[in-house]
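Pasting the structures here.
You will see subunit A twice below: alongside subunit B first, and alongside subunit C after that.
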Partner chain A sequence: MELKLPRMNGFLGALGSILAVTYALLPVIWIISLSLKPGRELNDARFFPNTFSLEHYRTVFNDPQFPAALLNSVGIASIATGLSILIAVFAAYAIVRLDFRGKRWIFYSTLAVAMFPPISVVGPLFDLWRTLRLFDTWPGLILPYLSFTLPLAIWTLTAFFREVPWDLERAARVDGATPSQAFRQVILPLVAPGIFASAILVFIFAWNDFLFAASLTSTDRARTVPVAIAFFTGSSQFELPTGSIAAASVVVTIPVIALVLVFQRRIIAGLTAGAVKG
Partner chain B sequence: MKRDARLQGWLLCTPALAAMALVTAYPILYAVRLSLYRYDLRYAVPPDFTGPGNYFSVLSSGIWWQALWNTFLITTISVFFELVLGFALALLMHKAVFGRRTVRSAVLVPYAIITVVAALAWKFAFDPTTGFVNSVLGVDRAWLNERWSAFGVIILSEIWKTTPFMALLLLAGLSLIPGDVLKAARVDGASAVQRFRLITLPLMKPSILVALLFRTLDAFRIFDSVYVLTRGAHGTESVSVIGYNTLIVRLNLGLGSAVSVLIFLCTLAIALLFIKGFGTPLLRAGR
Partner chain C sequence: MAEIVLDHVSKRFAGGAWAIRKANFTIKDGEFFIFVGPSGCGKSTLLHMIVGLEDITEGEIRVDGNRINELDPKDRNMAMVFQSYALYPHMTVRENIAFPLKLAKLARDEIKRRVDEVAAILQLDPLLDRKPSDLSGGQRQRVAMGRAIVRRPQVFLLDEPLSNLDARLRVQMRTEIAGLQERLGITTIYVTHDQTEAMVLGDRVALLRSGEVQQIGTPKELYETPRNEFVAGFIGSPSMNFLNTEISDSRLLLPIGPCPLPPSFPFDRLSNRNVVAGIRPEHFYLPGTSHRTGPVFSAKTVLVEWLGADLYLHVQPVPSRQASTRDEPSAIEPDTRQAGLVLIARVPPDLRLKRGDPIELGYDATKIHLFDADTGESFLWNH
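The block that comes next holds the complex of A and B.
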């Protein structure tokens, strides 16, 4: 269908593409080049480094703050993603496969949570977490991430599950497969890519959060990467450790970008299908 | 059978509903209760019931109204530019021959990057000592130390980060438009502008509204970029920054909860305005 559409003027399209790519990559390239500038060149106000140095990367990994935050972030975001996807798979399966009254209300409640301003619950959670001893712990962040990512997880999984030819399961059973064989060999390979793409989107959400992490943690025990980077203090209190911050930023950005680029098509499908068809 | 499916359906959805309620519905009620007390963790006095006292304090303070105005400005300006740029980007991804896949990959980069990291990148770029912006523009300016230029950087950072999301939502809407209709209009002599205004726009109304609603609510709760770029200094506080400072920095849970509840009510008002004002395509589009 797209092929029948009149094509955009070749020159205009190419120019637009170049502009769009530059737009998307400019700050990323800037922070990478900043992280590679040796300390004495940091203030030269040039976009690209003159000489390359890995000194900031060494500093960041020798400082105890950053590796601890990296571990916290990876751990908290992964556990929250796993739990969120698990719970969302049940809900999405029910929405797609079962016909029951009140289904609408499940959709409305995910909509309400997606619109909910996190700042409105930061105070109560702070107060509750102190009495429940969840303040500054992994579960203290996993819980809000789990709940706030559920709408996204349910919408994307619902969209992916709608595309799955579920009748194949029955066909496999007719051909003599046991229920567990039918599930493992027929259904699982069909749903796995969608689950994986949803998991990446949920992970990005949890990985990105700053407000909850800044409010509900206070030490390296549970402080995540965005907070560690935002609160980074160098050797001197009055000087922002620009190089270290840039290096830390690159370390936490590149893997996620790589992941997203590898699974580009599915992620776009998940993002758009989740929002439009939900 | 029917009963069975219903029971099964609700059982399967219960964990999700319970988890969502536990971290939203229950805490917001708790916030309403806290907001009626004088409750300051810096003083070792038990919470003291004051009724609507905290709301009077917030609503009579210039800081709250300025923050609300700031948030309103940031939201409207950034969402407007996101819509325009997002539409251009969506059309480009939909139609361009050259580099279409590259563009689709590239736009995911801002989406995947941590907001704090993106804001810091912009902060360093506009910084008078480390940044390249001043030398490129040939000016000497402390962008983040002055209200309006700081707003400019905050809004730029917000637009950069979220336009791709807008573009992808609009792209999904664009690909739902049947090509035959556009072709028929072309054959009938409709100009490109007419085709866009009379066919593309009306057919895309639901997608545009969904994208607008989500981005407006999302921009309204802006926190990360403002905090990283200015910490709310020079009159750039957003309502979320006020809430955070009152609750977490000053530990005034009573007053902060009043701010939280007011932000919640604003969000509710925006959502209702969209749904009432533009009708139900929002709710239908979601299903």
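The block that comes next holds the complex of A and C.
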């Protein structure tokens, strides 16, 4: 199952990579640069700041709504990720291993859910959440995140479960494991790469979402960072909050980058190599 | 130690097809027992039923007198080696072998002691810290064996354990498995599709076909007194030659000439039946080079397979004058049913022959098998 990529050939390959990386990173560097410029130099049209200043970071953290939003974001995204993966692991296992009526139907309808344009459900959800008192609460955001990330997680994990030879589970049962021991000690470690991969995707979806967070919250109780940033105001009504927005954007990007770096080494393909005949 | 009784055991799949029909036999304590048969005959299913990975639809399996139908696989104290080896890829060899002991909650030093002991038996010591992906096929096979014997189970089950190895290694591991079983004395059930493995390893062999047990016996019994045409054709390599025939005046009217039968043959049961005669390749001989006696016929060589120690001749019988001088003209008429009949004979390897050469062959008439052409049952078995 090892994927052998052809080696990039010399100069053209290097040039291509540099172009791609520059294209992707330029806006990020620009935002970092902006966030470090003192307020009066924001419009100096320099790419790199002339003088470094952390004043925007101080402003951002001194504004009480930002730390609150950060807490909301971390909490909501983590809970949504945890629940989504938990449900998806069991659903995917059932779809791969168990025989039950309507299995295909369930499998394909999860995909249908993912094809729904989120904007089409926002309006009804707004009314529904107000009736159910879920408006402006954590569950009010976690629920829609779950329904939009579960299909992806289930599909990813189904592919990983399919790779695990059934004989391993049988062997574990014969070796003296209960069904749950076999699942936890043999099957789960083998689908771990799939779990980490889906967890990252789910987390990023929940972390970056603006649409639901903007429509279904109204106060600091559940407002997440992307929305909070939009509510930033300058220190006076004649000043644009460019520096603060840049600083806040840098702050919210850090957890995602950290998460990907920590987990990417766990996403090793071909972990099942050597289980059964080669 | 364990005696396994299969009491009219049947298995029916959800689709309604019978996988196993009324398997009814006893595997004795300490016995090396083989399930053999062509693919799809249900031998692996039967093994899975014994170990608890498949439900039993009807009947009862008893180990030492206790019904185990409803017992969970983990509580049956049976160890199994899978055809695919099924090693846990995320664990080292040591962890793989220790896994059953860890589940049994043995003390850590006891686990280490037993893993080391098994590793020594199977020569796995230098590999203990490797992952299965770093092992060769033969080494993986050994680890799978180690994981099974480390538990000291009461029954040891092997599901085609050698089929993924190359020919040389297969013979070597076959010897090792036989030696190991003898040393441990554990009741062992071994599933294979290879009749050679079955013959070499088994104390007793059960031959299965489409979920039904055809015959149970020692390899010698299956070879010498096959119960039906299927058993006769499956056991022995190359396969037995089958010829349609009739009986007349205590003689067999074979397409290769008439053959007198010894008076001990049960002629009363043979009358008015369509009969198939079976001759094993090794019961042909070259007249003149052997002191054996028996009917002789002429043939044309179609194919020569030289194996060093053996020579397999594929021959097409031709009507010979010798046969026609006898008083049975019908015997030499070209038999339309047998058109293109090719027989395989095992002869000494020093014979120099090539395709198309004529040859005279004799066969041992006392070694002939007779089967009912309609039911396939042997007329000689159980009489």
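Following the convention adopted for this analysis, the second predicted complex is superposed on the first by the 233 of 278 C-alpha atoms of A that agree within 3 Å, B and C clash if a C-alpha of one lies under 4 Å from a C-alpha of the other, contacts with A are read in each partner's own complex, and residues count from 1 in each chain.
Basically, contacts are C-beta pairs under 8 Å (C-beta built on N, C-alpha and C of every residue); 3 or more make two chains touch, one makes a residue touch a chain.
Fair warning: this is a prediction, and the values are worked out from it, not measured in the lab.
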{"item": "Partner chain(s) touched by A:159 [first = subunit B, second = subunit C, both, neither]", "value": "neither"}
{"item": "Touching partner for A:174 - first (subunit B), second (subunit C), both, neither", "value": "second"}
{"item": "Contacts of A:36 with subunit B and subunit C, given as first, second, both or neither", "value": "neither"}
{"item": "Contacts of A:134 with subunit B and subunit C, given as first, second, both or neither", "value": "neither"}
{"item": "First (subunit B), second (subunit C), both or neither touched by A:186", "value": "second"}
{"item": "Touched partner set for A:85, first subunit B, second subunit C, both or neither", "value": "neither"}
{"item": "Common interface positions of subunit A, toward subunit B and toward subunit C", "value": "99, 271-273, 275-278"}
{"item": "List of subunit C residues in touch with subunit A within their complex", "value": "14, 51-53, 72-74, 78-80, 82-90, 99-100, 103-104, 131-135, 137, 140, 147, 151, 164"}
{"item": "Of all residues in subunit A, those that touch subunit B in their complex", "value": "1-2, 4-8, 10, 13-14, 16-18, 20-21, 23-25, 27-28, 30-31, 34, 42-43, 45-47, 87-88, 90-91, 93-95, 98-104, 106-107, 109-128, 143-144, 146-148, 150-151, 154, 204, 207-208, 210-211, 214-215, 225-226, 229-230, 242, 245-246, 249, 252-253, 256-257, 259-261, 264, 267-268, 271-273, 275-278"}
{"item": "For the subunit A and subunit C complex, residues of the former touching the latter", "value": "99, 165, 167-168, 170-178, 181, 185-186, 189-190, 271-278"}
{"item": "In the complex with subunit A, residue positions of subunit B that touch it", "value": "2, 5-6, 8-10, 12-13, 15-17, 19-24, 27-28, 30-31, 34, 88-89, 91-92, 94-100, 102-118, 120-122, 124-125, 127, 129-132, 134-136, 160, 164-165, 168-169, 171-173, 175-176, 178-180, 182-183, 186, 207, 210-211, 214, 217, 220-221, 223-224, 227-228, 239-240, 243-244, 247-248, 253, 256-257, 260-261, 263-264, 267, 271, 283, 285-287"}
